[in-house]
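Please find the structures below.
First chain A sits with chain B, and in the next complex the same chain sits with chain C.
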Partner chain A sequence: MQKLGDFKLPHFFNYPPYFTLQPVRDTREKQVQLWKDLILDYCRTQKIFVIGLEEDFALFSNPVIERSLSHEAREAFLSALVSEGRAEWLDKGHRKCLILWHRVQDWADIIFRFVKDNGLEDSVMTVEEIRSGIESRGTELHVIDRTILMRALRVLEQKGKLAIFKGTSADDEGVKFSM
Partner chain B sequence: MATNSLPKADLTSSGRPVFLQNEIECSILSSVDLECDDIPNFPLLKSGLLVLTTHRLLWLPDNSSSSSSSSAAAVALPLSFLTHIFSTKKSVKTLFHSPRVRFQASLDSSKSVVMTVVMRGKGDTDAFLAKFWENWRARAWENDVQTQTQAGVGSSSVSGSGPGSGSGGFYTREGAVRMVGVSGILRKEQEMWESTDKSLQEAFQDLNALMSKAKEMVILAEKMRQKLLSGSNSKSSATNDDEVGSKEEMQDWLLSVGIVSPVTKESAGALYHQQLSRQLADYVRIPLERAGGMINLIDVYCLFNRARGTELISPDDLLRACSLWEKFDVPVMLRKFDSGVMVIQNKSHSDEEVFARIKALVTNPDTLRTGISASDAAMTLGIAPGMAKEHLLTAESKGLLCRDISPDGFRFYINLFPEINTDDVYLVKDYGIYNTWVRVASASRLE
Partner chain C sequence: MRRRPGIGGLQTAAAARDQYRLVGENVAKIRTDMMKEQLATFRTQLEEFARKHKNDIRKNPAFRSQFHEMCAKVGVDPLASNKGFWAELLGIGDFYYELGVQIVEICLATRPHNGGLINLQELCILLRQRKSDREAVSEDDCLRAISKLKVLGSGFEVISVGKKKLVRSVPTELNKDHNEILELAQAQGFVTVEEVERRFSWTSGRAIDALDTLLDEGLAMIDDGHRDGKRRYWFPCVSSNSTPVADT
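On to the complex of A and B.
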């Protein structure tokens, strides 16, 4: 079976029509479903948070069969993810797409568990520390996209689980947990 | 029995009269009654279609009306039976009832009867009467007999379907070859003659000269055909393939020219499209068979006009003739594809059959891996590429195929999407087309 790095590709990745946007409704629905699943799976295993439509993205072309997705097809598949809440356009021109292989709510739950597991219920951390500190190493929070992290923290803030405050240095914010 | 009724007229499957050899339709009137008081039990021939040809006067039941089941059978009166046409007296009385034409005919040697044609429709009665006279006087049927005896080359096959037998109608091979465009030329000549009556005498001579030339041409064409026939039969083994091919082509060509009596606006008048529609339905049967049950409208337009010779029809006329098929009981139909391409197909033609062939085509080990293009399909199915593409697109819309557009072109693959399990994208069942495809595809990559 073909692989992309350590990612195992399904057989149909070598099926040329998989790379052409199908016009017939039933066929297209199935095709879109398969692409959505594959994109989420791949991004989760490879820790990819943002897909740029105009940049090379390994999944969007298959050199073995010499096929690649058209811009229209890329946008169609990502839009399908956006409409399900599994992705968000980062700009109006739909050039960059944020992939949410965990929904924001799920990310909030992960942070909650991370804080509990590490006994950080009442401590203070910087946002940067959550992303790249020793505690988060080996967890899904490691090198998490900053935009997603902030969104998840705001969800928790609204529930009164923590407070976000401006840090001493302008480029980083602090988080005071109170769980 | 013969004295009691008129001879029956044969009709084609779409309700057009079957013409005799060299017989040309001249005028059609609708809502016509044919009456005869001299014959006891004369059938009730009410509001039918009256067709005047160079050889006969035909009365057809009007089957486009709803009460077709009760209508009488079509009858034909050979003009050679006619002994007299009564001139219509203009009187006050004639102003108030439907125009009628009376004539005398002898159905057998002993007895002659008077018949009346009552025209309840709107047709041009005077023009009809003039044509009626003209055709009766022209005695076209006598020329046929002469041509037959002069030609003499056709031996058994030709004389077997001489005038009167009427089998095959305007598909008679002899007829088709003989009349070719000459009938059209003749009629054009005739038209001119009518419009410019100042040089009537002169034109008459022209016409006669043309007639005799026409006879020669017909004899020549017949000779050629006979030669081709006998040549390919007797020594086909001796001659090389090339020669046989060109002979067949030549014969094909000779046969594809010539509808003996094309329906024209002039002869059919208001009934033009209706009659054209019927004639077209009869005509397309053979090309349709050859094309495998479906043929492009444009191709039909070319073939039909070529067969008509000089009496060309417009694309609009063709379209109208085709759309009239819905109203008649004919075995063919017009079909419009989603792409807008229009074709003529047999009513019995089934898409399922075509789909089955396409499916077989895309599931062999090679095409499973590479897909097929429209031209691949055209070659295998033996149809035009444009037609093949329509079939492929229809099969795609039914979910049988899916497309692949790449720099290599536009190709179609068997649709594997329904076979893929969304819960486990890596799962491939031990059987089925997806399994076959996976094996074929991975085998090709190992090579």
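On to the complex of A and C.
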């Protein structure tokens, strides 16, 4: 079986017609479903948060069978994820896509548990510390995409679980937990 | 001696005929009895055999197939009823009914991928993956189970395309054109319009029409990605799902 790093690719990845958008509805639905699952799976295991449609992305082409997805196909698969709330376009031109293998709400829950597990209920942390501090090492929060992290933090902020404030340096923000 | 005329002669002749008939009947009866006896012996022997090799019949697909063949030759169908002696003795009816159910499940599960047409070999591989226990399943077993599914009248059928056997679980009627295309596709897993036209000397309309039908039925998928720019029609039912497909 073909692999990408330590990622096991599904069989359909080696079947050429899956790289062409299928015209028949039922077949297309199945095709889109397989691709959605593959993209989410791959991004989750490889910790990929943003896919650029015009950039090289390992799943968009398969050199073994000499096939690659057309721009139309890439957009179709990612749009299907967007419509399910598992992805978001980062620009109007649909060139960059944020992949949410956890929904924003689920990320918020992860942060909540992280804070509890580390006894940080009343502490202050910078956003950068959450992403790359010692506490988050080995958790899913490690090197999380900043956009997603901020969204999840805002969800918690609305619930009154924390407050976000401007830090001393302009490019970093602080978080005061109050859980 | 000259035969004497008269009533006595006629009576004697009639009596003789009666005697002959009686003897004849006797002989026939003895023959039937012997036959019955032989059949009974044979049946006991077969039962004895089945009882003795019960485990082999259950576990060994080749043995099972030969046992079926033997039964068929003497006009016994162990699958005819689940209540009969054979079913009770071997539990073989249940074996095939369960297999039938599993085949239906696999056909339904793979339908989105193959459009309801599955290669018999692939079906067997999937069946074996499901059966965690040691019971081996042969193609012969599958065919038997599928033939029992016909009773349900829902169009489970085995069709032969070239050398391969395909199991059809959708009520699509495949005509001769479609079958020929499927057969052609077995070589590489796909065909092109050009190839179909050339191979069968069809008009391009006939080829496209047949391919479009197969596409609509979900039996074919298009592939526009090859560098020669020619559209390929792939058939998941003839190219095995379990091995990577190498492109030529």
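Following the convention adopted for this analysis, the second predicted complex is superposed on the first by the 179 of 179 C-alpha atoms of A that agree within 3 Å, B and C clash if a C-alpha of one lies under 4 Å from a C-alpha of the other, contacts with A are read in each partner's own complex, and residues count from 1 in each chain.
Methods note: a contact is a pair of C-beta atoms (placed from the backbone, for glycine too) under 8 Å apart; a residue touches a chain by one contact, two chains touch by 3 or more.
Quantities reported herein were computed from a predicted structural model and do not represent experimental measurements.
On the shared subunit chain A, the superposed partners chain B and chain C overlap sterically.
Legend: residue contacts after superposition of the two complexes on their common chain; A:159 is shown touching neither chain B nor chain C. Of the two partner chains placed around the shared chain by superposition, chain B is the only one that A:8 touches, whereas chain C remains out of contact. In the superposition on chain A, A:146 makes contact with neither chain B nor chain C.
Once chain A of one complex is fitted onto chain A of the other, the partner contacts of A:67 extend to both chain B and chain C.
Using the contact criterion defined above for the overlaid structures, shared-chain residue A:37 touches chain B, although it does not reach chain C.
After overlaying the two complexes on the shared chain, residue contacts for A:23 are found with chain B and with chain C alike.
Common to the chain B-facing and chain C-facing surfaces of chain A are residues 1, 11, 14-17, 19-20, 22-24, 26-27, 30-31, 64, 66-67.
Against chain A, the residues of chain B that register as touching in their complex are 371, 396-397, 399, 402-407, 411, 413, 415-418, 420, 422, 425-426, 428, 434, 437-438, 441-442, 445. Chain A contributes residues 1, 8, 10-12, 14-17, 19-20, 22-24, 26-27, 30-31, 33-34, 37-38, 64, 66-67 to its touches with chain B in the complex. For chain A in complex with chain C, the touching residues are 1-2, 11, 14-20, 22-24, 26-27, 29-31, 64-68. Within the complex formed with chain A, the chain C residues making contact are 112-113, 115, 190, 215-216, 218, 221-227, 232, 234, 236, 239, 241-242, 244-247.
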